[in-house]
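As structure tokens, here come the structures.
Here chain A shows up in two complexes: once beside chain B, once beside chain C.
Let's look at the complex of A and B:
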């Protein structure tokens, strides 16, 4: 099955790329979109088949010079392939409607979406260092071209593209360094060879390899403090590309960590996984705090990606830590939670980014303070975003709840057996997961409640129009997947267990179709039953209300309570900024918001105020503190170096002469 | 069979008893302040009055505004059926553990917060915003206290925790349990919107949290909200009683069910009366002092987890 579906997926996406390149503007959009969606569907089939145990490998010696291309799919790669494919189906369907306007139906964007997808299907299928790095770089370049697709219309796009280009290439450099060093030490560049040679390497060497690849992969996954590109690039990309990046591409960073750390290097020392756990926890908290105070809908979603990838890394780190201490069952449970969270996050983040794109498409703005009242003008998008927000906020009836529940179970069960190390690390880890879950609820109540409910806060929101059918179809597919995952996670868990077994061998960690049972641990939970009981309770209450409420008149419409001061205007509503203000105040020390208050008094008296201007901005503090000094120093060094090159040819010849002589003298001294 | 009858009994007890608990607490407060009080049955009379009024939809509110009271009451009823109040053998016990129970209660809160935002008034938004801050900050304490209590049992399922306390009653006086109890009491006060976090009888905008969110509800909708809030308080106090003083709860025989019902009613009444009596001597905290209180409870919960490991493990 895999041997047919995987080449079919690649073939269809390449066909879509060709269609995007050669077809005229008329049929280009639909043809490329349908072919990309087909490629995505084939990737889902290939990934699912690989997860069911249909391992597949291929060697194409002629394709790349020197080494040749090696491809192989195992259940772990299959999982990421299937997730990528499913996201691509939704994004491609949506893209058919979304790219109608704004110059997005040009050759470059239409060609690059399928190329991006092809690269993302190749990354989890690569089975040698050179193939992997090539696919990785192709993915980075294709996504970079897509991020800057709208650079003509907005200045921020250019800055975002620059940040992304630099960060992703720095990431590539460290991954390349790590993997090349690994391959050189192992005398082989195929993953099989690396796996076999890993045990023979010195511990320090393996640690260095892991550190290097972890930095690179964590940057791709948007883990703080290497996340700075993500909240810039994801919001500025066209929305279907944002979905592809935020729901599919970031996952591959986690894939890299799991593949290299667990599979190729075969576990490792406890400090590796403590590092992963700490980075994940920091990222989860920082990401969700920034999301909670973000005023831009897409920026909010981008920071929420940082948070969710952080939670995934908490699971991955915990799993590695348990594996080192010999707790096999717990290790499998933590990794199951992490991988299930990747699947769930991909589902709801696709839905949310696509819905945010609909809002942008319908109103022209993504500023939450200017939105509101969309539930009357865009009912379908509102309902779909509502579903996505529920899924993302880790509440029952949502799919995020299931994976976070599993993650918490794995963390709290570590204590009795684990020794002092787990006793010290697990309580803070639980607290971090809990606080980020609580803040996620506040964040998505803000995004949904302020963005979609109440009354429009601007004329743009008042004139909103519903998204066209292809966009709604893309979102509906994503919503359906989310709901299925939410009420019946038991359907995917057996397949997921095989992916987990690649990295953490052992029996299935979670079993049971309706009620989830943890293997070897006491703990049960049933999302389906909770949903059913809630439905029964609500229906019962409705019936009870019918009987108990004795006055059966039709609902009367009445004025809102306006303190008797006449109808309230939309300016009196709570905005996203005011909603987040208490949180911003509580976490003042972490967020360090910049506030300007200018009070201009009248000329006659200092006590009579003429006008007040209030400006507040919450920047990315890590960017401010960590990156700005480096950038400023680099710019200053560049300025200083200018003095060396004043345009005089004599001087350049002099530089050459002195350098050469200096070199000769140095050689004479050394030899 | 014990389980099914017990679960039904729990729901009925919570549904019927919750307004009485609120009445009792108001009566205790009134007597402590030297007033006669309206009697324990007054909340039920209020509900009857509200149910007889005509249903009203404020301008500009949507379907979520109408759904929210149902969801709030629905989640509370489901929780009432799940947690060990009268019996540990509820057939719903396996469907949800302590994490899921707190998350279900949070779902009801979220529905109400969205309804508050949906009205588009400043009051609704303010209440929703403050409620979300409290909810977000309470979450770590709840989960860490759960963690502390689950360590000795090896499970977060409520039935298992309660049974283990019944088997080994001296656990209750372990430092881990006591610290978790104090932390959870703060959480319950915050979640149920009592003094010093929120004042249930205020209508002053500077101090409102819960009341600000439900300001636009009237008639039967308001009755549902009031009833659900009373049930939440009952369920939370019942949960505390079940976790830290589970004696009298029915484990096996159906004959124990009436005893269990009487025991839980008495325990919740005592806890409620104590809470009301304590409230008389306290003032509401400023909104921005509340995080300090919650941070304090978080630290206690962290101590609870630490002591559950370092003081009990061999």
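Let's look at the complex of A and C:
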């Protein structure tokens, strides 16, 4: 099955790329979109088949010079392939409607979406260092071109593209360094060879390799403090590309960590996984805090991606830590939670980014303070975003709840088994997961309540129009997947267990089709029964209220109480900024918001106020503190180096001469 | 904080002894209200003399709350409207809307001479009329301004306690 579906997926996406390149503007959008969706569907089939145990490998010696290309799919790669494919189906369907306007139906964006998808299907299927790095770089370049697709209309897009280009290539450099060093020490560049040689390497060398690849992959996954590109690039990309990046591409950073850390290096020291766990925890907290105070809908979602990837890394780190301390069952449980959260996050983040794109498409703004009142003008988008927000807020009826519950279970049960290290680490980790879950609820209540309900806060929101059918179809598919994952995670868990077994071998950590049982632990949960109970309770309560309200006969319609002062205006509503203000105040020390109050008095008297300007901005503090000084120093060094090149040819010839002579002298001394 | 508690202890009870309960003024309304009246106060254009006396009536000395009368912050929570002052042009619509916003059954109390018949502000250019000209009045408390005892007595007539 895999041997047919995987080449079919690649073939269809490449065909879509060709269609995007050669077809005229008329049929281009639909043809490329449908072919890309087909490629995504084939990738889902291939991934699912690989997860069911249909391992597949191929060697194409002539494709790449020197090394040749090696491809292989195992259950772990299959999981990421299937997730990528599913996201691509939704994004491609959505893209057919979304790219109609704004110059997005040009050759470059239409070609690059399928190329991006092809690269993302190749990454989890790569089975040698060179193939992996090539696919990785292709993925980075294709996504970079897509991020800057709208660079003509907005200046921020260019800045975002620059940040992304630099960060992704720095990441590539460290991954390249790590994997090349690993391959050199192992005398093989195929993953099989690396796996076999890993045990023979010295511990320090393995640690260095892990450190390097972790830095690179963590940057791709948007883990703080390497996340700075993500909240810039994801909002500025076209929305279907944001969905692909935020729901599929960042996952591959986690894939890299799991593949290299667990599979190729075969586990490792406890400090590796402590590092992963700490980075994940920091990212989860920082991400959700920034999301909670963000006023831009897509920026909010981008920071929420940082948070969710942080939670996934908490699971991955905990799993590695348990594996080092010998707790196999717990290790498998933590990794199951992490991988299930990847699937769940991909589902709801696709839906949310696509819905945010519909809002942008319908109103022309992403500023939550200027939205509102979309319930009447965009009912379908509102309902779909509501589903996504529920899914993302880790409450029952949402799919995020299931994976976060599993994650918490694995962290809580760590106490009796592990040593001192786990006993000290796990309580803060539990606190981090709990706090981020709580803040996530506030964040999504804000995003949904302020963005879609109440009255429109601007004329742009007033004139909103509903998204066309293809966009709604893309969102509906994502919503359907989310709901299925939420009420019956038991359907995907057996397949997921095989993916987990690649990295953390052992018995299935979670069993049972309807009620989830944790192997070796005393935890059970049934998402379906919880959902049914909640549904019955809510419907019952509503019916009861209706009956109680209709029993009294005399009813009077009164106007809305507005303090007797006439109709209330939209300016009296909560805005995103005012909703988040208490949180911002509580976490003042972490967020360090910049507030600016400017009072201009009248010319006649200093006591009479003419106008008041109030500006508040929550910047990325990590970027401000960590990156700005480096950038300033680099700029200053560049300015200083300018003095070396004053345009005189004689001077340049002199440089060449002295360098050459110096080299010869150095060689004469050394040899 | 400690000073506050000490002061509370030292001051003791300042509330006046309750006089005998007066006869209910609106017996059928008092039955509906069951001894507890939530009151929304509307200043329709008062000189604030009546407000001072209302504050006094609900203060620690006269303590109208012990008889079941309570001031609330929204007409939606209220059983009764306590209106002071002549109704000015700017407050006419607001008073009508506040009256509409009070759930049935409701009572309107006109407090002070201005509320009853415009007092010294009768025929003034900014005055629409007495409270009774704008909304139906059920109970009047005379005085310019009425003494706290009179206000408490009228409210007790409404609560029946």
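Going forward, the second predicted complex is superposed on the first by the 640 of 671 C-alpha atoms of A that agree within 3 Å, B and C clash if a C-alpha of one lies under 4 Å from a C-alpha of the other, contacts with A are read in each partner's own complex, and residues count from 1 in each chain.
Simple rule for what comes next: a residue touches a chain if its C-beta (ideal position, glycine included) is under 8 Å from a C-beta of that chain, and two chains touch if they have at least 3 such contacts.
If you're wondering where the values come from, they're calculated on a predicted model, not measured in any experiment.
Once chain A of one complex is fitted onto chain A of the other, the partner contacts of A:565 are limited to chain C, with no touch recorded for chain B.
When chain A is checked against chain B and against chain C, the one touching more of its residues turns out to be B.
By the touch criterion stated above, A:211 is placed in contact with neither chain B nor chain C.
Contacts of A:413 after superposition: chain B is touched, whereas chain C is not reached. After overlaying the two complexes on the shared chain, residue contacts for A:484 are found with neither chain B nor chain C.
Using the contact criterion defined above for the overlaid structures, shared-chain residue A:556 touches chain B and also reaches chain C.
Annotation: chain A residues 556, 558-559, 561-562 touch chain B in one complex and chain C in the other. Residues of chain C that touch chain A in their complex: 74-76, 93-95, 97-98, 100-101, 104.
Interface residues of chain B, counted against chain A in their complex, comprise 51-60, 62, 64, 70-71, 73-75, 77-78, 81, 92, 94-97, 99-100, 103-104, 106-107, 110, 113-114, 117-126, 128-130, 132-133, 135-140, 142-144, 146-147, 150-151, 153-157, 160, 215-216, 218-220, 223-224, 287-288, 291, 298, 302, 305-306, 308-310, 313. Considering their complex, residues 554, 556, 558-559, 561-565 of chain A touch chain C. Every residue of chain A that touches chain B in the complex is listed here, in rising order: 292, 372-373, 375-376, 393-397, 401, 405, 408-409, 412-413, 415-416, 423, 427, 430-431, 433-435, 437-439, 441-442, 445-446, 448-450, 453-455, 515, 521-526, 529-530, 533-534, 537-538, 540-542, 545, 548-551, 553, 555-562, 568, 570, 572-574, 578-583, 585-586.
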